[in-house]
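Quick one: structure below, then a few questions.
First chain written, first letter: the chains are A, B, C and D, and each begins at residue 1.
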Amino acid sequence: MDLATDDVLQMKNVRKEFPGVVALDNVSFEVRRGEVHGLMGENGAGKSTLMKVLAGIYQPDSGDILLRGEKVRFQSPRDSLQKGIAMIHQELNSVLDMTVAENIFLGRELTVPGTGIVKRRLLKEMTREILQQIRSDIDPNRKLRSLSVAEMQMVEIAKALSYQSDIIIMDEPTSAITDREVNILFGVIEELKASGKAIIYISHKMDELFRLTDRITVLRDGQYIATRDTSELTQRDLIQMMVGRDLTQIYPKEDIEIRDVLLEVKNLSRHNEFRNINLQVRGGEIVGIAGLMGAGRTELVESIFGARRADTGEIRVKGKPVTIRNPKDGIRNGIALVTEDRKLLGLNLKASVKDNIVIANLSAYTYLRQIINFKAEKAAADEKIEQMNVKTPSRNTIVGTLSGGNQQKVVLSNWMLTNPDVLILDEPTRGIDIGAKSEIYKMISRIAKEGRGIIMISSEMPELFGMCDRILVLYQGEITGEFSRAEFDQNQVMACASGFRKGEAVI
Amino acid sequence: MSIRKQKLSSVFFKYGVFIGLVILCLVLTFITPNFLTAQNILNILRQVSIIGMLAVGMTFVIITGGIDLSVGSILALSAVVATSLAHPDTYPLIVPIVVGLLVGLGCGVINGVVVSRWKVAPFIVTLGMMTAARGLTMVYTNGRPVINLSDKYNFIGGGYVLDIPLPIIIFVGIALIGVFLLNFTKFGRHVYSIGGNESAARLSGVNVGWVQTGVFALSGLFAGLAGIVLSSRVMAGSPVLGQGYELDAIASVVIGGTSLMGGVGKIGGTVIGVLIIGVMNNGLDLMNVSSYYQQIIKGIIIILAVLLDKKKS
Amino acid sequence: MSIRKQKLSSVFFKYGVFIGLVILCLVLTFITPNFLTAQNILNILRQVSIIGMLAVGMTFVIITGGIDLSVGSILALSAVVATSLAHPDTYPLIVPIVVGLLVGLGCGVINGVVVSRWKVAPFIVTLGMMTAARGLTMVYTNGRPVINLSDKYNFIGGGYVLDIPLPIIIFVGIALIGVFLLNFTKFGRHVYSIGGNESAARLSGVNVGWVQTGVFALSGLFAGLAGIVLSSRVMAGSPVLGQGYELDAIASVVIGGTSLMGGVGKIGGTVIGVLIIGVMNNGLDLMNVSSYYQQIIKGIIIILAVLLDKKKS
Amino acid sequence: SGSQNSGSAASGETGGGSGSSDDQITIGVSYQNLQNEFIINIQDALQAKAKELGIKLIETDGQGKAENQISQIENFITQKVDAIILNPFDKNGSAPAVDKAVAANIPIIVLNAQVANMDKVTTYVGSDDHEAGKIEMQYIADLLGGKGNIVILHGPNGHSAEVARTEGNKEVLAKYPDIKILAEQTANWDRAQALSLMENWIQSDMHIDAVVAQNDEMALGAYKAVEAAKLQDKIKIIGIDAIPDALKAVEEGKLVATVYQDARGQGEKAVEMAVKAAKGEPTEKTVYIPFQLVTKDNLNQFK
């Protein structure tokens, strides 16, 4: 038997049901030694669930897992870790008040035999070595809380690698790290592959999958669609398989008449976050903000909206200076902010679709500003569900049970109901599949067409280039460049994002 | 077949606590002949009315993800202040009532402001208030009950309207106000939204500080009212009134299906929770079960009720 | 200048509660001549030792994000069972001690199992246990204190070793065990990790159920020990022992900087918290402040200490 | 009522530092629980007497916990008080406090309730709760003519007064086989609890002839339930303590009687004995201040 092509892992006819959802319906899946196996599918297709079954987090309702030909049952993550399966989870899973070393060795602390006493110094040393492998020099004594999101993600990656597992699952590992780190990770993956390990790689980013994987398996609606060699696939085939239809034009950019200035920001500064920011947004215009992770983009827009308070500077809405001290002021002045983290900041996951859609504009559906007008509220919610094409069983469905893309549409609906002049979108498509993405782009275009101004933060260059009329680039809290549509150039924008001023000669 | 079975059990879990109450009542009806009499039902309702008022306010606090340990002490402080103004031939009845309510409201507002402005955990703030308000009550009365109250004042807790004891009517009123505020107003919606996701609520323009202050104020206000009714029922403003009531109120709320994590809960559930505890106390007394065993049973029921409720989801 | 100022204030906030304790002691030394005497210091330490033992166990529970309301009742149950085996000329001393500890441990394990297997909120589980264990205590003793204890048993709470009261030595021992477990062992790491991020801990292979059971077991065990020491100190196994102690223990833990949200906390902080409450009680008694005002002051201090601590971050 | 005057903080005197430096006599007092009206009455008498005699009082509140009282006695010893007055919460639990005072050679006067080690006490001033339990039960037994059904409302289980009063109740009952206890339960000295309990008992078809409450608060709560059920002519209710509210109720015929305990006498005597002991003068071993039955007939003596 040729070991190199032997299936190290087989999942057979796995079924997993959650109340009201069949997350996995008879899915089969094989992984070989020494391959990088991509897993693709729309939001809610069941990718994470399948991997969680493999990692022992969920127990399948039926179906088998064969590891190196042997049937296994995992009752807990511990079982699966012990059998050589490690996972980098889609959501960050760090203990923020513990140190890097403590996090990496959590659950398998080395102890003085028979005493339970942790060998602290040894673990720190080992941590340093592990971090070395991913060319990181983070101090093992630092608390996770003091790290940037990207650093945290790197710690998680280091942790998963340190198990020396045969199978490593990576569920969207690059959604929060910068290009430099992505490249390091890819290097590590190549090494792992060369040493005969199997990597299962989940991502919504096509380019990564084509660059990295040997084979790709596609899931749709909890069902297995197909597994193909990557080399045989085109992007179009893949989308076809995922979405079940052809998606020709992803970016529906339209020419829209640019109108008067709606929002003007002058010399806005906030200590340690951003300095002397000037920007304008006109009706019908989509202004992009590019920059690396940690450039201060989120902080800037949060200050414009009122979620933070700027130290100095001026904000004008339709020419009139306004004071914005809290989100309420922002909303009152016609500004809306779709936050970057919808689960943490955007939604009440325990409440219904309807309640989430109307919350920011609830006053409009009341008598005497307090008593709720149920009829008006329902009508508004239904209208938005229809308009935004939210796929939900009913308006009373609990939002937490919807897929990511649909949750994002609920957030958008909520803000559109406030009828904003300026809509700010912070990473509006992060972690969202390509089908849902294209729908959200369509909505953004439509919103611009209504004469509203849009600010869009994104870490994905193609998205900014595809959608924006103008792009501002932020580097360490300062604007280093502004580009009009005609000037869009990947290299120039990247240079500004890395600290060069626009026009400064960088080849 | 299997679908029907599933449906049945899902009905059971959905209305689990309510069905629990019904079963409890049925059992008691068979065991003790005097359980199901109009008089006894009125008894039970009157007995639960005080804890019930506290529990309605507590429901709001718990839905926002908070907790209020101070209601028992606030009840006592309001009671002694109100009764000290309710001697015969002094002030008109409205004075002790309004002042008593204001005392409760004031304590609640202090709780709310410390929680929302200074961001101290509600458990700690209300633990501090619990201790301090009891101390104030003692200082105000010098440790002695306030006695010699006017007949009008005593009517609040002891009187009847259309043969129904007044405390029951007041409790029902408070419960209805609770339902109205929680389910029919913007304020109520904001209460849920804060408990569900405070940051999201803040970013959606909800004035989190106000709403938090509001729920503690409401809880304090209802505790003040409960203090007036209780002191009137026992015809004395004793400074030791209401000790330990906070735990009964919290237990009722939780038995009624409101999660201590916040975000979910209903006044209707709380009322059922209050009734379960009340019916249980009454039934065990009717059966002359020793108070020792009553405590054991009560402890177990608290856990079981929540367990039953958990199965729902 | 400004940097130095910032540094100073950051030192103050970092060791805020400790500095608070020092200031409190200095003030009392000046006001009351009898405060800073060896005898009085030993007094204070002996007086805080019972709450101290409970607070050490409570620290573990709170760091995991839980809470244990049942320690006062477990203390009483262990005390009455232990004393009932401690009459002169019956069993050797080891028997009441071991049985008393096992009772505490058993109750703690039940708490832990219900929390970790059945996923009921710790507040509810321990509220139920608080009620039920008190009832059991009453049933066991029929409401009467267990008296007539052997001299050996009475030595535990009343004796001296090298001129130091034994309860102090036991408390210091428990605190050291607490420090060891929490900071030097794998178990301690897991305690922090569960409080910091339960799902992360689970995904890292931490056996969350075991650790949760472990912390409640520990809290129960220490409560059992506290029950033995207390009943020996008062030379009687009274069924009303320890009522309300859970709140003092929780207050001490929180004053000491442990967050009710879980994930952070130190035994050292808890010891300081315990001392602050003890010194305050002692000082106010020495200054002859009325117990009513003492309550008010205590309530305010609980809130202020936490507020001070919050400013730290 | 409603007076804002703090009880103990302004205790008697203010001048001078604390402790034993001056020649003024200092007495440490540990009350069982200052949330109890009767104990507060004792406190008032104590304070008044101390003021009259120019004594400095250091007062502490055991808050219903024996261990607190032990701690407080320890504190008194540190403060080198001249004498200690202990009003024990728990017959057994507060006893170690006496040992400590004796070991430190400080005279200890035990007030109002007994301790297990009475032999070590300098002086006992008080009444016997056991006696009170007997008096109330005897009166009810007489009223019922030795035959009938009663219920008993207990104080908090394990509380020394509850223990002693129950013993007294039962001792008398032993002589009357025809008096049946239909139910007995604690209402924790609390009026509201007694009220609910009594309401429930009345529901359960019991034919109650009398309610024996171990204090007046509970008796008054029980009356409220009885009145609401319009049974006030059928059920006789008795309490202990003779608090003002109860005296009024006796006058109005709501309670058949209460049992008077002389708070003032106890408080005053305790201070006198403490002063004597502090000065090294001999004291009586026991100063017994009897309970007295209060009925409509002798009511005026007690107002």
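Here is the rule we go by: a contact is a pair of C-beta atoms (placed from the backbone, for glycine too) under 8 Å apart; a residue touches a chain by one contact, two chains touch by 3 or more.
These figures come from a predicted structure and were not determined experimentally.
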item	value
A-B against C-D, pair bridged by the larger set of C-beta contacts	C-D
Length of the line joining the C-alpha centres of chain A and chain C, rounded to whole Å	44
Separation of chain C from chain D, taking each centre as the mean of its C-alpha atoms, in whole Å	32
Separation of chain A from chain D, taking each centre as the mean of its C-alpha atoms, in whole Å	70
Multi-partner residues of chain C (each touching 2 or more other chains)	138, 143, 290-294
Where chain A touches two or more other chains at once, by residue number	none
Sites on chain D at which at least two other chains make contact	6-7, 34, 157, 186
Those chain pairs that satisfy the touch definition	A-B, A-C, B-C, B-D, C-D
Touch list for chain D against partner chain C, complex	6-9, 11, 17-19, 34, 57-61, 63-67, 70-72, 74-75, 77-80, 90-96, 116, 156-159, 163, 186
Residues of chain C defined as touching chain D within the complex	32-34, 37, 39-40, 43, 46-47, 50, 138, 141, 143-145, 147, 158, 230, 233-236, 238-241, 243, 282, 285-294
Complex contacts: residues of chain C adjacent to chain B	114, 118-121, 123-125, 127-136, 138-139, 143, 247, 250-251, 254, 259-261, 290-303, 306-307, 310
Of chain B, residues touching chain A in the complex	184-187, 189-190, 192-193, 195-197, 199-207, 263-264, 313
Residue ranges of chain A in contact with chain C within the complex	55, 57, 76-78, 81-82, 87, 89, 93-98, 102, 106-109, 111, 115-118, 159
